Every structure is written in C-alpha cells, then in structure tokens.
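Take a look at this one; I'll ask things after.
Note that the chains are named A, B, C and D in the order they appear, and that numbering of residues resets to 1 at the start of each chain.
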C-alpha cells in the first residue's frame, strides 16, 4: 500500500510544488537577468533584492478580479487555461530527476514513473497543450487572441515535427523510449548524446524555443502586434495559469533536453575515471544544474535576439530545421547500421 | 477490481463525451469533446496494456487530426447555421431508429454468444505481449512491412491531395 | 471481471453513437467527427481482442486504422474547404449534386 | 586525252557558278570573266587533246573515256529476239570528226564569249549573268553532244542545246515576239526530235546497242539497201527527220529566221556556227548507216539542195540584216546536207567548219553594225557606214568574199568540193547548187553594199552637221544619247579580226588534189566515216581537168553575183527599185518567204487548234456529261440514304432513347444525391444482414 500509493503521491506533491516554486522564481530570475542585460536593477522593492517578488505577484494574481468577456464562449474560456496547464504538469511524471536515493531506509527512485514509452508520452502530452492556446484564442471572441492562437498553433505544429524527428534520432542512439533507459544508455555508452548528436541538439534547442513561444519565436505574444497574444482577454487566476503553463513548459523542455542530450543526472564525462571525485555530488544536483543552465540560456536568448517575422519563422521551421532533422536522422540510421 | 472500476469509469466518459460530440450545437464544443473522448480512449488502451497504441492515439488523434478539425471549424465560420436548411427525402429519424435497432440486435448476439458456452478464445500465443512497443515495431517492420509502406504512401498521397484541394485557385 | 464482451458492447455503443451522428447531423464537419468516433470504436475492439488473445496484430491494425483515419481526415477536410470556398456552406443537405 | 570529259564540264561549272551565284551577286565584268575563263580553259584542254590525237597514227585515232555508268544494264529484247542489255555509260569519244567539232565549238565559242562581254554591256547586271549562264550551259551541252560516244549521251546534248537555244532566243522575254520565237524554235525542234527518238528506239531494237562504234560495225556488216527500203533506211530517215529539225532544213526551217530575236552573239554561236550544224554532225556520226541507205541519201541530197535554193531566193529580198544572214545560214546548211546526200561526208564536215568561221564572222559583224546603229537592223536605214566602222567593214567584206567562194578564202575550197561532188553525183542537184552559189554571192554583197556603201540613210544624230563629227562619237557606246554610228570596242573587234583570219586560212587544210593540195582534212576525217576495212565507195573519180573547170566556173558565177549586186545597189540603186516593182508579185512572194509560215499556220497550227477545240468540246459535252451525271446520281442516292437515315435509323435510336429516359425518370427518384440517404440505405442493408444472422441462425 505504501509502495503503491503513498510514495508516488508524495513524489507527485513534491514535484508539483517544486515545479511551481521553480516557475515563480524563474519569473524573478528572468526579470533580473534581463534587467542586468539592460544594465538595470530589476525588482528590488519586495524583500532583499526583491526575492519575495514572486510571492507578491502570486498574491496579486490571485486577488485580481477574474473577468470573462461578454459574448465569450464561457466554459471553453474556462477550460482553455486548464487544457494548457495540465499537459505541462503531467509531463513531469516521466522526467527522471535522478537515480535511487536512500531515505528512511528505503530505496526511492527520483522519478514518478518510468514507462517504456516515456519519450512518446512526453511528445504526445505536449502536443495536446496546443488546445489550450487555440481554444483560448477562439473562446475570448476577440480578433487579436484569435490571430495569436492561430499563429501559435501553426508554430507549435510546425516545430513539433522537427523536434520529434530529432528525438527519433536520439532514440535510435539509445535504443529505448524510456527516459531512464536513455540516461542509462548514455551512461553505458559513456558519452552525452549532445556530443554525438550535435545537430539534433541544436535543432531541439531551437525547436524548444519555438515550442515554448519564447523569443525570438514569441510571435503569439508579440505585444507590438497583438496586444499581448492569445491571453489578452484573460486576467486573474486564469491568466496566471497560462503564465505558469508557459514557464512550466520551459522547465519541461530544459529537463527533457538535459535528459536526452546532457546525460540527465550523470556527472560530466561519466566515462573519465579521474573525474570520479565529482561523483560525490548527488545526481539530482547535476540535473538541476544542467536544467538551470538551459533556463538561463532561454532568458539570455530572449534578452539578446530580436523577434522573427512570421514568414521567416515558418521558412526556418519548414525549409531549414525539418530537412536538417531528416538528414540527421537518416545519417544516424546509416551510421548505426554501418557500426552494427 | 481496480481494472473494473477503471473500465467502467472510462467507458462512461467515452460514451458520454461521444454523445456530447454528436449532440453539441457548437462545432467547437464538439471538437473539444472529441479531444476529451480520444484522451479517454487512450487511457482505456493503457489499461489494456497497449501503451504504444495509446501514445499514438494521443499523438495522432488528439494532437493531429483533431487540431485539423479545429482549424477547419475556425476557418469555416458559416454565415447561416448549417442546421437552417433541411432537405426533404432524408429520413434522419428512420436512420436513428435503424442504428438503434442494429445496436440492439448486435448486443443481443454478443450477449447470447457470451452466455452460450462458445469456444473460449483460444489464446493463439504468437507474440508475447511484454513491453509491447518493441514487438509492435517488430511486427510492423517484418511481417507487416508491405501494408506499412502502403499506409505511408497513402498518407503521402493524402497530404498532396489535401494541399492541392485546399490551395486557393490564383 | 471485465470480459471482451464488455469491450465489445462498449465499442458497439460508441459505433452506434457515431452512426447516429452520421445519420442525423447536417453539419458535415460533425459528420466527419462522428466517423472518427466510429473508427475509434473499431480500434477499441481491435486492441481489446489483441489483449485478449495475447496477439499484437490487433494493435498493428489499430495503428493502420489510425493512419487511414488521418488520411481520410486530411483529404475530407480539403474537399470540404474547396466546397466551402465555392458554396459558402457546410450543410450536407446542400451537397446534393451527386444525382442523375 | 583521258581528261576529255573535263572539256564539257568546265563550261558546265561556269554555268553553275553564274546561275547559282552570279545572277545575284556578280557584276557584269565578273560574270563575263567567269564564263570566258571556263571557255578558255575548255579551249586549251581541247587543243591539247587535239594535239595528242594528231600524235596518234591515223588508224587508231579514236579514244574512248567512260566516266560513269548512267543506265545500268537493263535486260531487253531486240528485233531478232536476242537478249540485249540496255546499258548506257557516260562515255565520251574523241575521234577526228569530234575533234574538229570540238575545236570549232570551243574556239568560236570562246571568241563569241569575249565578244559578248562587250556586246551585252548595256544589259542589267543580273541579266548579263543569266546570259552567260545560258551561254556556258549551251557550250556544256554542245560539247556533250559532240563528245558523246553513244546515241543517248548525244541525245542529252541534243535536247540540252535545244533548251539553251530556247532560253537564249527568249532572252529578252519582255518582248512577246522573242518569247514566241523561242517557243516556235522549241516546238519545231520537238517535231524533229520525235523522229530522232524513234530512230534511237529503232537503233536499239535493231542492233541492241547504242554505242556509235558498235552500231557502225554492225551496220557495215549488213548489205547496202539499194533499191529496197529496209530497216537501215528507216533508221536513217528518222535520224534525218531529227536533223532537219535541228538544222532547219525543209520542212522545219521556219524557226531559224525568227530565232534572230535573240542577241546577236547567240545567233552567231548557236544559230550559225554550232547548234544548227549538229544535224550535219549527227549524220556524219552515223555515216555508215547512211551510206548503207542510198535512197535516204537521195532524199537528203534533194532536201538539202532545195533548202539551199529556196533559202537563198528568200535571202535575196530580205531587208533585216540578221534575217539575210539567217537565210544564208539555212542555205549553207542546205549545202552541207547536199554534200552528205551525195556521200561526201568529209566535204560536208569541211564546209561545216569553214562555214562556222565565216558565218560567225558575218553575224558578229552584223552585231557590231547593229551595236553601232543603236539597235537598228533594217539595212535600208543604213549605208555609208564604211567610214564609221572600218574594222567591221573590212572583216565583213572578208566574210562575204569567203562565203561567196572567192579563192583563196575558206569558202572557196569547201564549197567547190561540194559542187564538184554534186556534179559527180547528179547534174540537177549541181545546177541548183550553182544557182544557189550565184544568189549567195549576190545577196551577200547586196548586204555589204546596203550596209557600208552608198549614201547614209539612217536617222540623224545631234551634231550631224558633217559626218566626220560622228567619228568622234566612238567613245559613246550606244548608251546615253546616240552619238551616231561608231566603231565597236576592242573586245568586239578583236574576235572579228581573229575570225576573219580564220575565214581566210581555214580553207587551206582542204586544198583539193586538183590544186596540188593533198586534201588533208578529208584524209583526217575519213576514219570517222568509215569502218576500218570497209571503205566507202565515194571518192573523186573524175579527172582533175573537170574539177578545175568546175572551179573556174563557180568562181565566175560568184564574181557575176558580186558584180550584179554592185550594179544594182551601188552603181544605180534605182534599178533595184524598178526591178522590185516590175516583178512585184515574185518580190512579194519572196519577201513573204513563200508564205510558208502562213501555210503552216493555216494547216498544222490551225489544224491542231481545231482538233484541240473539237476534243475540248467532246470533253465538255460527253465526258463532263458522264461525270456530272454520275455525280448527280450519287448525290441523289446519298440524299435518299440520308432521308432513310434520319427517318428510320435516327427515329429508332431516338425512340429507344426516349423510352429509356422515361423509364429511368421514375428510377432516378431514388438518387437523391444526399450522402446520408445512401448511408441510410447501407445501414438498412446492415440491419437486414444482422437480423438474418440473429433470427435465421
């Protein structure tokens, strides 16, 4: 009973809370980093160096009036944020933050579950996330959200293809769909897939930016054009849900990238013996570190790069990334067959 | 026990959402219900131990096809509701009755054959189901290679055809 | 105890619901969706029996059915768009050119 | 000698160049240059060939070259049923006769080419190129005719020269008269060629070959047909018909005077020197045949002498300078045929050569005169041109003397040879020949007198105050304002002088034995007329005394003719008028050329027209009647069938169609076009099957 229900329940609670906390501080981090990039200070008022700023934001969002536009499709309007939030959180079920640890005399694996189609699970669940955006745009019965949602969904679908293709090539390397299996295969092969699949890595990173509607692919939220994107009409808690969902997605992408390309919880250069002293650091720290590096990259890119034009975005997706991904996949398959 | 609970809950969701899909006035609503219905079906697959099919169900149906439907519904913003015009010579109620009758009959057959001790489904143990993704892939790429290729060709042709159809005549 | 008959009845019901949709609705998009429902009913049957007889061929065929469904949706919706561009309607009762 | 085939080819090439390129681009100079070069090269080649031929001993002076096969052997039958292969090569033969002809053609041809460059000076550029193209083409065919070693090659040349003469007579095709003259010449020649072709067929039918040598060999083996009219005679007669056509003998001589419509050099080359003599040449080629057909020879002689006499009489009264020359040509040709007729082939050939010289000379001279008079051809409007055209006067006088037969000029020897042989053969013919000689002398000097002597009767030219102003008009070559009669340019006078020299000297190759000469040309030509072994019977049998007497007599006759001409046209010109008025009817008869043309018009041409019209009427009435009737019947039938089609067949089809339509109208109610309707029907089927399964099971 404990094994079957209690421990997973605990894991889920921990992971969810950790995620939400991470998300909130992710926001603060972004604001700070961008501020520094623009030689500003960023939020400084709430708490020392504004460390309590997220708390204030959360309270504000919870307390705000929750407006539903007239002539809006009521319950779809309500359903949309949920539909975009749930997949973002559900994905965490298969992300391995680390291998077993010993707590209270129990061996506890640092992941909620490990299903043998984990990667497929990730892909499919994230693919469901697009509904939130589309429905939000549709149901708020206003032209800018509609345009934004159409843009967003087109963008998501386009870049999903490229990303999935890169994932396939990674699966070709590892020979399994299970996330944990992929990490262990990297351990056994003694190299991070980022080094033997650099093309896939780069494509995945770009695609991840697009998937999460981050700069320079943040057209669905292009304030200058769409007055804020598909959630223009939203406010209060439902807006907060969209907000959380976006950042949660960022964390998901970075965690998946870490798992697939940077060897998950493995220490750097797992096959190099004289670096074994790094093993004293527990694996989940490595994982968090790598994910953090990714998140920082996200913010950095946003602070640096200008926004794409829509046709440029589509051309990049369809005429550059997808062909490259296909070529990479074919190449990988050929090499693997040749080596086998 | 838990299996039974899962089955009944999921079956109830599936049928309910299906009814909603069919009856919803607003096409967008029925699309949403369709998504939910497919998700439930996927869950049912999981309970049947077919994770791969479940994932594909979500990926292809929920993630792909239904998005397509959603787009079309948004593109086709009809001036007058489609239900306005009603053609004669289309006996919807008769069709409905027939459908019900077929359901009843088929159910009767099923239940009867269940009650009557027919030959128990002999478990033709051709491929053991364990971590079935590999086996499914194996089957797809060995004994069902030709149908697989045909299906891929079909998809390609369908893609081209859809593009040609939907392109605006300039 | 859940027997294949349960799955059979479930898929039958789902199929019949889809059938009813096909029969009654006049919005062709919804008719398409009903057809998807019917296909899902078939898939449920296939997967259920493949689990019952411990044979994966059922799942393989479920996958094929999905592929066919995808193709059908793509082409059908393309036709629908073309039709809509000409006739400004999606009413299935106004698509009655297929006579004499 | 192996390259004699190149001799015809050179002018051919010239014609090709001038015809394809020259007509478009060449200037007058270039066109003339090309043509003259081609002819000059041909002349040089033939001189070489001739020299080499002389090098050979007399018996084997015959050289054959086969350039290519023309007609590969075609099996066919001959009269005696023997299988013979009709096989015709492009074969050329050089023997004394053809060699002489070769020299005549190329030599005089070259001179005339040179002459033409100046004569045609006022023609438009393209016209000159066209003219020289034709001229070269003529030389090509003429040489083909001369050198051909079998009848067919000769026939090709024969037709070719006919064509060229047609083209050149009609050179000024804007003038309807020129075109008509061309057509007349061509058609008249066709009549002759009809005989020639029949002769060729009969030749092959008889001998199974067309090669001259083998024909002669075969013929000499056959008996001489004295008294009866055998196949050889028929062949000879047919060939002679061809000859009369080409050489303007009775009854086909009418075309030659009209041929004077062409440019004068053409008249000189074709209608005096070469082409018209082709007939004589052809007879000579087939000498053996003719010498085996005495009766035909009789006919030839009579026709020849009659032609000579009549043409001479006509020539007496003509006023067109060129026509006079034309008729004299006819009569001289008559002389040649007379020679052939009396069996003196070599004499005929000899006269052919000399005549070529002085007649070409006379024609060119007349051309020069016409040039000087700016196209005036009527002698009555000339006179006293001696002053203005000294060279022309001198050369033409030489020519006249030569043709009149004044010793020691060329004409004397050849003509007296003929007269002598005629005397030997038949006195009647001799008498006519002598009369002809008298008249020849008369009209030639009438021509000279009217043209060069007496008083100037021509049109006035500006600054005509006193004549010697006109001599200054030499510079103007007729173009622009006419500055009066003037001597022709060098390019025209030089050929005149050369030809005059020829007219003087050409005779000395044939000094008869009576004058202590060893009649060289006769011995030279003899092998061509006989087959080795067989010797022709003819040959001077009379004593030299008789010959000398005859010579003296003919010289006196010529002198008399000259004297009469002097008296009538220089001493007192009125007398000629008086004569003309006194014998008005005879004068009219002569000046109207015995009404031959009118006769032909009335009989043959009108007859042809009438028959054609009759045939046409028949065609329109009967044949068209048939055709139209048939078409009408067809149309009626089709109309009938169409009616049945519409009424019966279509009725049936449409009826069935309508029935089916009405029948289907009820059924098609089922097709509502509503998808769901069809789906419901399917569902109904499903329902039926399921209930079947449920209850019937």
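In the analysis below, a contact is a pair of C-beta atoms (placed from the backbone, for glycine too) under 8 Å apart; a residue touches a chain by one contact, two chains touch by 3 or more.
Being a predicted model, the structure only gives us computed values, none of them experimental.
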item: Shared chain contacts [chain C and chain D, defined touch]; value: B
item: Chain pair showing more contacts of the two, A-B and B-D; value: A-B
item: Chain closest to the middle, measuring from C-alpha centroids that were averaged per chain; value: D
item: Chain A and chain C: spacing of chain centres that average the CA atoms, whole Å; value: 34
item: Chain A and chain D, separation of their C-alpha mean positions in angstrom; value: 110
item: Mean-CA-position distance for chain B and chain A (Å); value: 30
item: Distance between chain centroids, defined by C-alpha means - chain B, chain D (Å); value: 104
item: Two or more partner chains touched - positions in chain C; value: 19, 23, 92-93, 96
item: Touching two or more other chains - residues of chain D; value: 672, 674, 676, 679-680, 683
item: Interchain contacts, given as pairs of chains that touch; value: A-B, B-C, B-D, C-D
item: Residues on chain C engaged by chain D in the complex (per definition of touch); value: 19, 22-23, 31, 92-93, 95-100
item: Touching residues on chain B, where the partner in the complex is chain D; value: 87, 89-92, 94-95, 98-99, 101-102, 105-106, 108-109
item: Parts of chain C lying in touch with chain B, wherever the complex brings them together; value: 1-6, 8-10, 12-14, 16-21, 23-30, 32-34, 36-37, 40, 43-44, 47-57, 59-60, 62-64, 66-75, 77-82, 84-85, 88-94, 96
item: Residues of chain D that touch chain C when the two form their complex; value: 668, 671-676, 679-680, 683
item: Touch list for chain B against partner chain A, complex; value: 26, 28-29, 32, 35, 39, 51-52, 54-56, 58-59, 62-64, 67, 70-71, 74, 131, 133
